[in-house]
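Here is the structure we will look at, set down as C-alpha cells.
The chains carry the letters A, B, C and D, assigned in the order they are written, with residues numbered from 1 in each.
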Amino acid sequence: MRVGVLTGGGDCPGLNAVIRAVVRKGVRTHGFEFVGYRDGWKGPLEGLTMELGIQECRGILPRGGTILGSSRTNPFKIDGGVEKIKENLAADGVDALVAIGGEDTLGVATKLADLGVHVVGVPKTIDNDLSGTDFTFGFDTAVNIATEAIDRLHTTAESHHRVLVVEVMGRHAGWIALHAGIAGGASAVLIPEQPFDIEALCQQVEDRFKTRYAPIIVVSEGAVPAEGGDMTVASGEKDAFGHVRLGGIGDRIANEIEQRTGKEARAVVLGHIQRGGTPTAFDRWLATRFGLQAADAVADGDWGTMMALRGTKIIRVPLSEGTAELKVVSPEEYAEAQVFFG
Amino acid sequence: MRVGVLTGGGDCPGLNAVIRAVVRKGVRTHGFEFVGYRDGWKGPLEGLTMELGIQECRGILPRGGTILGSSRTNPFKIDGGVEKIKENLAADGVDALVAIGGEDTLGVATKLADLGVHVVGVPKTIDNDLSGTDFTFGFDTAVNIATEAIDRLHTTAESHHRVLVVEVMGRHAGWIALHAGIAGGASAVLIPEQPFDIEALCQQVEDRFKTRYAPIIVVSEGAVPAEGGDMTVASGEKDAFGHVRLGGIGDRIANEIEQRTGKEARAVVLGHIQRGGTPTAFDRWLATRFGLQAADAVADGDWGTMMALRGTKIIRVPLSEGTAELKVVSPEEYAEAQVFFG
Amino acid sequence: MRVGVLTGGGDCPGLNAVIRAVVRKGVRTHGFEFVGYRDGWKGPLEGLTMELGIQECRGILPRGGTILGSSRTNPFKIDGGVEKIKENLAADGVDALVAIGGEDTLGVATKLADLGVHVVGVPKTIDNDLSGTDFTFGFDTAVNIATEAIDRLHTTAESHHRVLVVEVMGRHAGWIALHAGIAGGASAVLIPEQPFDIEALCQQVEDRFKTRYAPIIVVSEGAVPAEGGDMTVASGEKDAFGHVRLGGIGDRIANEIEQRTGKEARAVVLGHIQRGGTPTAFDRWLATRFGLQAADAVADGDWGTMMALRGTKIIRVPLSEGTAELKVVSPEEYAEAQVFFG
Amino acid sequence: MRVGVLTGGGDCPGLNAVIRAVVRKGVRTHGFEFVGYRDGWKGPLEGLTMELGIQECRGILPRGGTILGSSRTNPFKIDGGVEKIKENLAADGVDALVAIGGEDTLGVATKLADLGVHVVGVPKTIDNDLSGTDFTFGFDTAVNIATEAIDRLHTTAESHHRVLVVEVMGRHAGWIALHAGIAGGASAVLIPEQPFDIEALCQQVEDRFKTRYAPIIVVSEGAVPAEGGDMTVASGEKDAFGHVRLGGIGDRIANEIEQRTGKEARAVVLGHIQRGGTPTAFDRWLATRFGLQAADAVADGDWGTMMALRGTKIIRVPLSEGTAELKVVSPEEYAEAQVFFG
C-alpha cells in the first residue's frame, strides 16, 4: 500500500515525531510505501510531494516544526479542489492518507472521508481544544515554556513591586493559561471561557501587594472583559522610541491596571516561542504513539477515524467526534484552582 | 479541624506543590489549621512538628524536595510505634493526616486507616509504579531529565562511533526507561519486566552502526539479563586513576557490549539528578490538583482514600487499591514501540 | 566596620549572587557587619533597611531579582537628597556602601564618592554597555534566553516559510542582539549603533528564501532605520480580537517586510523574560567574584572604585571610568560576523 | 586555495560552530574551497574525506558533536604517518589545514607546522586547560550542565539530610569543578591541583549540617587525597541487585564520608552528559569567532598559529604557546572562593 502523509495548520512541537512513527511502523510492520505531501492540503491539491521513508525521518524526533511544511489551504474553498486531490492521489498511486492537523485540517479530512477518500487523522493543536482526546501533543511543550517564563518573571515582579501580565496562546480555550497559571503560581488566570471583571482583578492586585509577593496575571490571547467592564481603550501611547505600544489583551490589561491601581504594570506576550522548538518528553511520547496507532489504523482500513488519548491508552474515535465542537475549560475546571487566585 | 501533613520515602519533584495546595485549599475553603510533621512517619512518631500555613508555603511551588523533610521510618516496625503515633496526634490536637508518599508510606497509611486513624493519601513515586492512578507526579520530570540527557548523548555517540548506555531509575518497573527511550529515540530499552538477551542486544548494536547513527541503549537500574544470558562479570578493572570502575547494570552492559562487539561503549548513570530540582509544568499541575482534592477528601471525612488521576480527572480510590500491587509495563506496552528498537 | 548594600535600576540575574558574596566575604574574612538598604538609593534616602547577614543570604545564589528590592530613585534629583543620605548612613552607623547598579546607580555613587561618602560600586547591566569591564553579569543569561528563543523559532519559520523578527533588549547598545544573533544563527542583526537599510534587509529576506531556510532577524529594541529609509508607519491595524497590534521596532519591521516582500512576517518581543529568573553559571561566577572583590575593596578603603572583569581577572577601576561613556558595538565588531548575515 | 578541516580528540559542544564559521568565512570572503577530513588525524592519514561547503554546514550551529567525526589517532606514532599525510594532502590538492582539537591534536599540528605543513589550530577542550587562551569553547556548556545538576541536587540533599558528592570532568585541571562549585553553591570543591584532606572534608560536612542545609561536594574526576590521607579503599560492596558499586573518586569520597561521619552520602557522576548536546550561547559565540579568525589566518598564511581569546578579542598565538604546558587552577584562584567552602 502507498500512503500519503501531510501536516496542516499552525506548527506544533511533535509533528515530526508523528511523521517518523507513522513511517517507521508503516514500513517495518505493514510494508507500506510513503509519499510526503508538502504544505498541508496544498500538497495533494497541487501535487507537491517529497520522498518519505525511514531515512528521511532519521534525526527528526527532537526537532520542532514539520519536515513536510504546512499551510492553511482548504480544498473545499477552491473550485474543483476535491476532484483535484482525488486525481493527484490516483496519479501518485496513493491509497490512503494520514492527515495530521487541527480543527480545520481534520475538518477537511472528515469531509473527504465522507466522500470516500481513505483517510485517518491525527489531532494536533497547541491549544488542546480538540474534543475526543484527553490531550494533544504540543500543548505540554507550550505549557512548559509559559511556566518557565512565569518562573522567570516572579523575581522581576517582586524586585520592582510591579504587576506582570503574561499573554499566552489560546484563542477560544484557556487551557494553556489555566495549566501554566497553576504551574507557575499565578495570582490570576483569565481565559476566553470566563469574561473577566477588570475591577475585581484590580482588587486582587492590590490585595496581592499586601503580601511581599507581586502579582503575575496569566491571560489567554482570546480573553475578553465582561460586558460593561469599562476598559479604557489603550491607544496611541508612544514609548521611548516614538513607537506606538499597544498590542493585544495583555497590553490592554497591563495598561488598565496601571491606570486604576497606580502600580507599575508590564505585559509580556510569549507568542511564537510557545509553538516552536523541541517537544517535551510527554509530547514526543504522545506524538509517537499517535503515529504508531495511525499506521495501524491504515493497515486496518479504519477510515474516518482519529487517534485519541484516553487515560494512558491510544484509541481511535470517529473524526467527526474530534471536530464536532471545541473542548473548552468548564466552569468546574476553572473553579478548581480558584484558591490560588485572589 | 486540625490537619497534619507528612511526606515519606524518596524525594520527588512536586512534593512541595502538594503541600502548598493542601494547605491553601484547607485554610481558604475549609478553615482547617495545619501542623507539619517532619521526616515522614518519624514526625508523628517522635512528635517532630513545624508550623505550616499559607505563609510557610509561599514560593515553594517550583522547588524540588520537600520542606517537611523525609525518611523511610516505618512505625509498624517499631515497638509501640502505632500507639506512639496515636498519642502524638492526640497531643497535637490533630484530627486528620494527609500522608504523601509511595508504596511504603501509603502502606503504613492503609494500615493506620484500618486502625481508625483519620488519614488520606497522596501517591508519590518517581517510578510511576503505583496502581490506581494513570500517572504520579515526579515521573514526568524524571522522564524529561532522562530525555534531555539522551538528546545530549546522541551527538557524542555519533562523533565517536561509540555505544552509550544510559542507566535510569526504575527498580521494579521500566516506565522511566520506556518513556525516555521512546522520547529520546533510543535504539534499545531494557526494563525489569522483560529480561534481556545480551546476544540479541549486541546484534542490534552492530546493525545500528550500519546506519550513520550510533546506538543509545536505555536501561532501568533494575533490568536483568535473561537466564542463561552469559554476561561476563565485570570486576576488578581499573581506570586511569587506579579506581575500580564497575557499577551497576549500565556499566556491566557497556562492558559486555565492548567485549562482544569490539565497539567502544560507555555507561552514564543518571542517578539522583532525575529526582531533584524543579518539577515540570505537568508535575506541578498534577501535584497541585492532588493536594486540592486531598483537602476536600479530609473535609468530606473520606478516610482511607488515595488521590488518583484518571484521564484528566482527579478521583479518589481506596488506599488499598494503590498499594495492593505494583503497576508494571505490560508486554503489550513494551511491544508497542518495538519498531524503533532493533 | 558596618557596611550598607543596595541594588538599583532594572533587575538583572546575578544581583543576589553579588549580595551573598559581599556578605559572606565581608563577615568571614573581614569581620564586617551589614545593613541591607531597600529599593536602591531610596533605601539610604528614606532609611529603609533590612537585616543582612549570612543567614539572609542562604539559598539566594540561584534566584533572579534582588532580595533588597530596587528602584530608579536618584537622590541628586531630590532637594536635600544627598544630606539625607549622609544623615541616614550616620544614624545607621554605616561606614561604607556597596552600590550595585548600572549607569544611573553608579553615576550617583561616583558623585557621592566625590563628596566623601565611602562607596564602592559593582557594575550591573543586562545590556553589557558599561565601559571598564569586559562583561557585566546578567548579560550572559539574557543572551542565552534570546538564543534559546531563536532556536525555537527556526523550525516555525521553516515550517511556515515565514519571516520571524525577534526583538531583544538593548536601548543604546546592540550587544544582546549581536551575541544572540551569532549564537542563534540569525540571518540579520540590527543594532542601535548601525541604522539599518530596510530595502537591503528585504533583499536579504528574499535571498534567504532561495535556500530552504527561512530568515530570522534579530533586532535591538533601540535599532533605528537609516535616514531616508522609507518605513511605512504601522498604525491602526487590528487583530482578530479588534485590538490594535503595533508595538515597537520589531513589529514595525515585520510589518514592513510583509508589505514589501509579500512574505508572511511575525514579530516576537522577548521583553522581561530576558532579565528575570535564575542566572547562568557564567553570571553566577562573575557576580560572585565581583562581590568577593567588593568586600576586599571596602576592607582596603579603596573608595570610588568599581569592580571589573579583564580577561579572567577581577580588577578595580575608578567608578568614573565605568560611567564616563557607554560601551557600544564598534563597526569592526559588527562587521566581524557579517558573512552570516545576508 | 583548497583548505582541509579536521576535528580531533574528545567531542565538545561548539565543534560544529567552528567548522561552519571557517567554511562560511573562507568561501564568502576568501574564495576558498574546503575538504572535510573525517575522524581527526585519521582523515588525512588514510585519505578519508567528505564534501564540506556552505550547504553541508547549514543547521549545524546548535548541534553538539562534530559532523567530521573524531578520533585520537596520532600520525607521529605510526610508521611513515607524516609522509602519508603529506602525500594525501597533495593528492587532495589541499594547501592548508585547519586543525580543531586539544593538547594532542594541536601537539601534532605544532610538529607538522615545524615540518612545513600549512596548518592553523583552533583550541578545543572541555576542561579549559589549554594555555594561551582565556577560555575554550565547550567549557561554558559543561559548567552550566554541572551547575544545573547541582541546583537539582540541593533539594534532594536537604530533604534527606544527605551528603551529595558530584563528580565532574577534569583529569588534570579543576576548572569545571571550581566554576560549577561556585555557581552551584557547593560546600566544598576538590580539584586535582590541590590534594584534599579527607578529615578536614568530613569536618566541613559535619559543620554544614549545623545549618539547615545539606552539603554538596563537587569533585574533579582527577582529584586525589593528600598523602597520608587515610582513605578506606571502597571495594567489593554490592548494591541491591548484587552489582559491585565502586566507581571513581566521587564514589570513594561518598563512601568515606558515610563511614567517618555516619551521614548518608551518595555520589553522582555526571560523565558524558557534560560534553554532549547543544552548546551554550557563549560557546557558540566563541567557537564561531575562533572559526572566523582561523579562516583569516589561513588567508594571511599565518601558519603555526592558534586562535585565542583574550578579554573580548580573538587573537592568534603560536601553536606552541597553547600546547607547551597545561593551564591549571592557581592556589590564588582556588583560594578566592574559599569563604563559601567550609
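Keep in mind that, in the parts below, a residue touches a chain if its C-beta (ideal position, glycine included) is under 8 Å from a C-beta of that chain, and two chains touch if they have at least 3 such contacts.
Keep in mind the model is a prediction, meaning the values are calculated, not measured.
Common neighbours of subunit C and subunit D (chains touching each): not present.
Traced through touching neighbours, the fewest hops from subunit A to subunit D number 2. Among the remaining chains, B is positioned farthest from subunit C, on the basis of C-alpha centroids.
Measuring from the averaged C-alpha position of subunit A to that of subunit B gives a distance of 29 Å. Each chain gets a centre from the mean of its Cα atoms; for subunit B and subunit C, those two points are 40 Å apart. Centre to centre, using the average C-alpha position, subunit A and subunit C are separated by 33 Å. Counting partner chains per residue, subunit C has residues 151, 278 touching two or more of them. Shown here, the protein chains touch around one cycle, each chain meeting exactly two partners. By the definition given earlier, chain contacts exist for A-B, A-C, B-D, C-D. For subunit A in complex with subunit C, the residues that touch the partner chain are 10-11, 15, 63-66, 69-71, 145, 148-149, 151-156, 158-161, 164, 171, 221-222, 224, 235, 239-241, 243-249, 251-252, 266-273, 275-278. On subunit B, the positions that touch subunit A within their shared complex are 24-25, 28-29, 58-59, 61-62, 134-135, 140, 143-144, 146-147, 151, 179-180, 182-185, 211, 213, 278, 280-282, 284-285, 288-289, 292, 310-312, 336-337, 339-340.
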